[in-house]
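Shared between the two complexes below is chain A, which pairs with chain B and chain C, respectively.
This part shows the complex of A and B:
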């Protein structure tokens, strides 16, 4: 409301009148309260669909030389009238649109100064400072802090900001990454987009890490139906090395049949495959001392059995171990007496390529067994001093709660989570249930891609472990739609709302891209959606 | 309460005497007939509706005089759209029968051509009410000055006013008639009653009767020739009971100058079209807004009180004296001294 001391309407001779006229002013989109940690502003209650304010939307508040940014946390019905009439349907409509409004509660993200530097805000905008939807201009500073692995576009509420790509930093990948979403929210799509960006960097010679993906569902190699796979990215196919346990898939040029040398397997790998009694575990502990690298073959011979018995392993235990190993070898046909793919896999990873290990129809245990062997080999290799040009490595684990859960008997992955960073090895944990992942391990993850979690306990687990404060984004995470994500990572000053590229669209645009074209600005090549 | 027996007695009395079992007795004793309830057809119009209201808040109160903050003004609507609110008076008033004549007389003379009133016999509360009413009349006068023929001016209250100020009202009626502006007073509460053995609430019972006779409709009822004392003859006009909106249960006393007698259906139809807001269903919305914009809130009263205390301190009055002067012992009892 605008207040003026007005004379124009005063009757003649009305000298005693001191009229004050209150006329309709601009009462909406203004900061009305409340503190450095929470802003409240007003918006009309009757906005049309296009103008509606949404949770997660980012608004800007220009106040003298500063532009404050704030993310919407909640929207409430409110008014200058404190009645309770809005709880019942009555009357024809509201009359006083200047008095009835929605109160938007927003979380300050920080402020941008005249030099376009973004800083956390230690002050608050002046009361009644005007509020606007943040547009590309206000988000420009984000382009400067984005990384090199493009995954999507910035999202402001439901609206895309196509000029601002969201890209992760390669440098942050050995600090581990978590991808969290319930079924159908786009985890696989995200991973394919992520892998495609990594392939692109590898071909351009810009890759800083190799990415290992073990795919038990057989969806990353060739896709399924209309869903494309990584091999469809023809232009950057050289950035991908594929291994498959499927003879049919391996018959394709560019896909090698996976072989794990029998000598590459250690007793600790076998521990994962079966549930062992204490006596059996003790017997497995003895093996490295009495057998050489060919222990899987030797233990099945009468001499091998005799050696076990000599070490006070009772006959029944030794027999059980021998029988289980026979089972293991017969069920995992990729274990080979002569050939092994591991050196090649390691070489490709060290070259910064994407290594896809395609293991369709493989059982849960077999998958973990294989992943365990590969992870151990990777960590052991990276623990040794390598060539200066060696790239770091990121190991992807699907259904990561199986190996990173509290009480899960898989110390190998835990040790990568805890100390892998020292040797340039990171984990990319993918799970629908972050609540099952050990909280201490989760706190080692410095990049989180959260794609919609309905379970409150999952969200709490992430909020309590995340490096950036996600607690205020609870409602937004709950309401994320398929393909939408909140990305929290090092070097980007606040959790960023993103829409992940649809892999098939991204693929089309990457294929059209000029292969030699260099990035205009880091992490900022143009949008991919048609 | 130690026992519920008296409460039960009162409840029985309400049931027997105030709760209506049908409307026959009401019709018989008030002289109201079913056909006296006239339906009102809501009708949009493009003119302006002015709603005049006033407010007062006690700033300090001692036995021989007191200080009030008084505010008066009006809100203006065109259809459903609020155009402006004009505050015509917003100041403190020292209510002292021996001193305050000079606060009344200039207004009475300047706006209504009256020579002043004798206030010596008036008690303090009444003095503040007189002054607030006077300022409300000044607001009506101001609204009349800017209103166009066909516009409506609503006043929050009744025209059956204290005798001292009837002269001002007479002038206002004359100006309204001359300018062809409809002027109505709408009272939120009314002391109108009927019944011989016990005083029965007339407006409420009329509302119930109207609901039975004209359900879901807006209507009005003239009190002309009815057995209800609405001050007929004390002022130049007629009293009505009006339900502005069929969805609402509330009816209001409405006073109108006699020159509007033949236009009531039309004027009330225009008001009915704008008495159905979700903010305040059943009440002319302009009056609702005037009430909201013109009221003096508790915080405003407290702020003026603090300001007055500051002035007194600056003038050298000791704090103890100010406290003695300004503090209401009720506030001490309620443990909200503010000192």
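This part shows the complex of A and C:
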């Protein structure tokens, strides 16, 4: 792919998609030790910048019919000398340069056999077998195990392997996904790329799940300045359904003004919105028994109040509840007496579309309240028998530690994490602090996208609960740069280093693709009906 | 400013083959007289404008009578200086450019504005802008036309189609276009919708006025009439044009009932004077076939003689559920694609172009079927 003018002008590091292609390496190293679980090979101590070996790079070891793949875990200074040779002056020099080298410690990923099948390795390569930087040829098998939701390219160290896209599996999405990164590492960019791929699948009729994104920052819909939003993907716009609480954003004819029907709200949703005393909670529990679906309106009337008092709720408690409900309704203008967007949202999710709920400038509580109502409606709908062509659903939760943390009072999301899979509902938890997420819940996540975590405790938490072994990648995760990620998912045999597409570049790619797909579009022969 | 919002007059609709003394279809005549009554009611209410949100005529090529009735109504309103705004709906808009819209006959009349060109038109009446989006040929055209709207601060939107969120989707018909809820913007003073035959408020400012008449028993529970809307306050008031005349009685459980009991039951429901000129349907379930047969047939036949339409629906207790042979629901182009795929598997064409040829052939067939279908709709 050619580098565009814009990319050339972009300052160094600003572009997530720095296009570099692996050159054919001539340098050949040799395996010297050590075991089935750890390979060592030596490289010159003074390699130039181009040839320098990095942590995370993948090397291939050709040994007769087998090709072993190994990932660099560490690089050590080493030599054939004993003792303090490197601090002892010897003649005019400290050492003989041919006696010292760097020792590269690599972990085996597996081996590829003659029929290009990838297997875990149960043996080790012959001593002195040649070691080469892995090329696209060796990575080819990965293309076969990749899924349908493209998110980036394979990365080998800090180099990009453009020929091998990294793509997640739709089928794995009801097994939950976690996206972990500290601020500024490209979470939003990743989510937009992920959503764009889902929109593409939806328009092509290949989508297997609907994606719900509730965006409290108002950045996904139209972007900001040079940063593009999901509505900029005009070609696949039909795969996106937008709802917004902002009048300005909803002025777009393709964006619906978000309305939550007053009858869609249950006492358990309101429970999340305020801190309630035990007596007040008890009173809330009484509500479903004495009121019908329009309880929010009824409870504010004198008759409603009288009914509460009849149930032995003391006047002060009833008054407080009624007062808080008035506050709730006045602060959340999207609650509507007549209209509700929920059936439309559910229909679009079941159609496999991306549903974006844009709620800029909304308070933390209001956001959780809204997310809780939507999640409940989704889970209730999916628990019922649906049409056979109904698509699964993936609910995105930003700052997931708020609702999936140990000791959080939001059992609703925890129950989706635990049992949502049975009904085809998955969670996509996005967080900066995986250490705050309940370990048991974290272990339910089958797909992890890790994008740089500086905090050791965060990494330990992830490594301890991940389905694939991430412990050996600790150094790599710590040293990930902006836009780089390690993707671990069960359908791909080992955690894959990736560079996530820069959304703006991916938009251009998607816009160009398929243009020459069929005879009709190409004008090979003109349809007579036109 | 006060407006009258009505829709779905369906002039020219006829059904149930009951004729009057002149040999005219009674239902069809009733639709015409209902329209006349609506016009009289409008004149009595003296609104600042009348909005008809689509489906004035039942057919794309109406007969002379509905044209005359419509013209008569327009003339009455013109004489009273009441401006009229009309959009075409799915029933009265030609589905291809080869046909001419019946509304062309009414172009240039003073105070009569008709949007029927498959595109957005803005009509100014007093201090309000009426943004009209008539029936469009392709679903995506609605979005393109909607984008042309520029708000003035005093805006009314007029559209025809089924709003996405409307739960009651019984009315779905071929060639129908669904309107996304994203068009229901809260900054319009009022949104006048047509197509759905029941009177229904869709959002704070959006209403279906519903039709003036009952067209089938699925509508038996609907309120019928027009809406009188105050654009300043946004308040919409239901204006009935005639009393309810469709009665669909809840099913009567006849298990264990003898013929005499059934007959008594029917008689009690249908006093001759009470059902005069009404449309009545009675459902008898769990009915014994023998008991029903032994009811005096002449008595049965006399039962609904005074009604505009009378029907006894019978569900016999002894009939097992009727299993039909599974119907092949494939459309013509799907059938053709299947044929092409089958043919291509005989290796008569090179594998490298096979997919493209099959895709191309299927596309053409799809287009042809669609074109044919639109022609058929125009002809109806």
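Methods note: the second predicted complex is superposed on the first by the 470 of 530 C-alpha atoms of A that agree within 3 Å, B and C clash if a C-alpha of one lies under 4 Å from a C-alpha of the other, contacts with A are read in each partner's own complex, and residues count from 1 in each chain.
Keep this in mind: contacts are C-beta pairs under 8 Å (C-beta built on N, C-alpha and C of every residue); 3 or more make two chains touch, one makes a residue touch a chain.
A quick note: this is a predicted structure, and the numbers were derived from the prediction, not measured.
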item: Partner chain(s) touched by A:98 [first = chain B, second = chain C, both, neither]; value: first
item: Contacts of A:81 with chain B and chain C, given as first, second, both or neither; value: first
item: Which of chain B and chain C A:257 touches, first, second, both or neither; value: second
item: Contacts of A:343 with chain B and chain C, given as first, second, both or neither; value: second
item: Overlap of chain C and chain B interfaces on chain A (superposed complexes); value: none
item: Chain A residues within the chain B interface of the complex; value: 6, 9-11, 13-24, 80-81, 83, 85-86, 90-96, 98-100
item: Contact set on chain C toward chain A in their complex; value: 143, 146-147, 164-165, 167, 180-187, 201-204, 356, 359-360, 363-364, 367-368, 371
item: Residue ranges of chain B in contact with chain A within the complex; value: 73, 77, 80-90, 106-107, 110-111, 138, 141-142, 145-146, 245, 247, 274, 276-281, 285, 289, 292-293
item: Of chain A, residues touching chain C in the complex; value: 242, 247, 250-257, 259, 336-341, 343-344, 347, 518-520, 524, 527-529
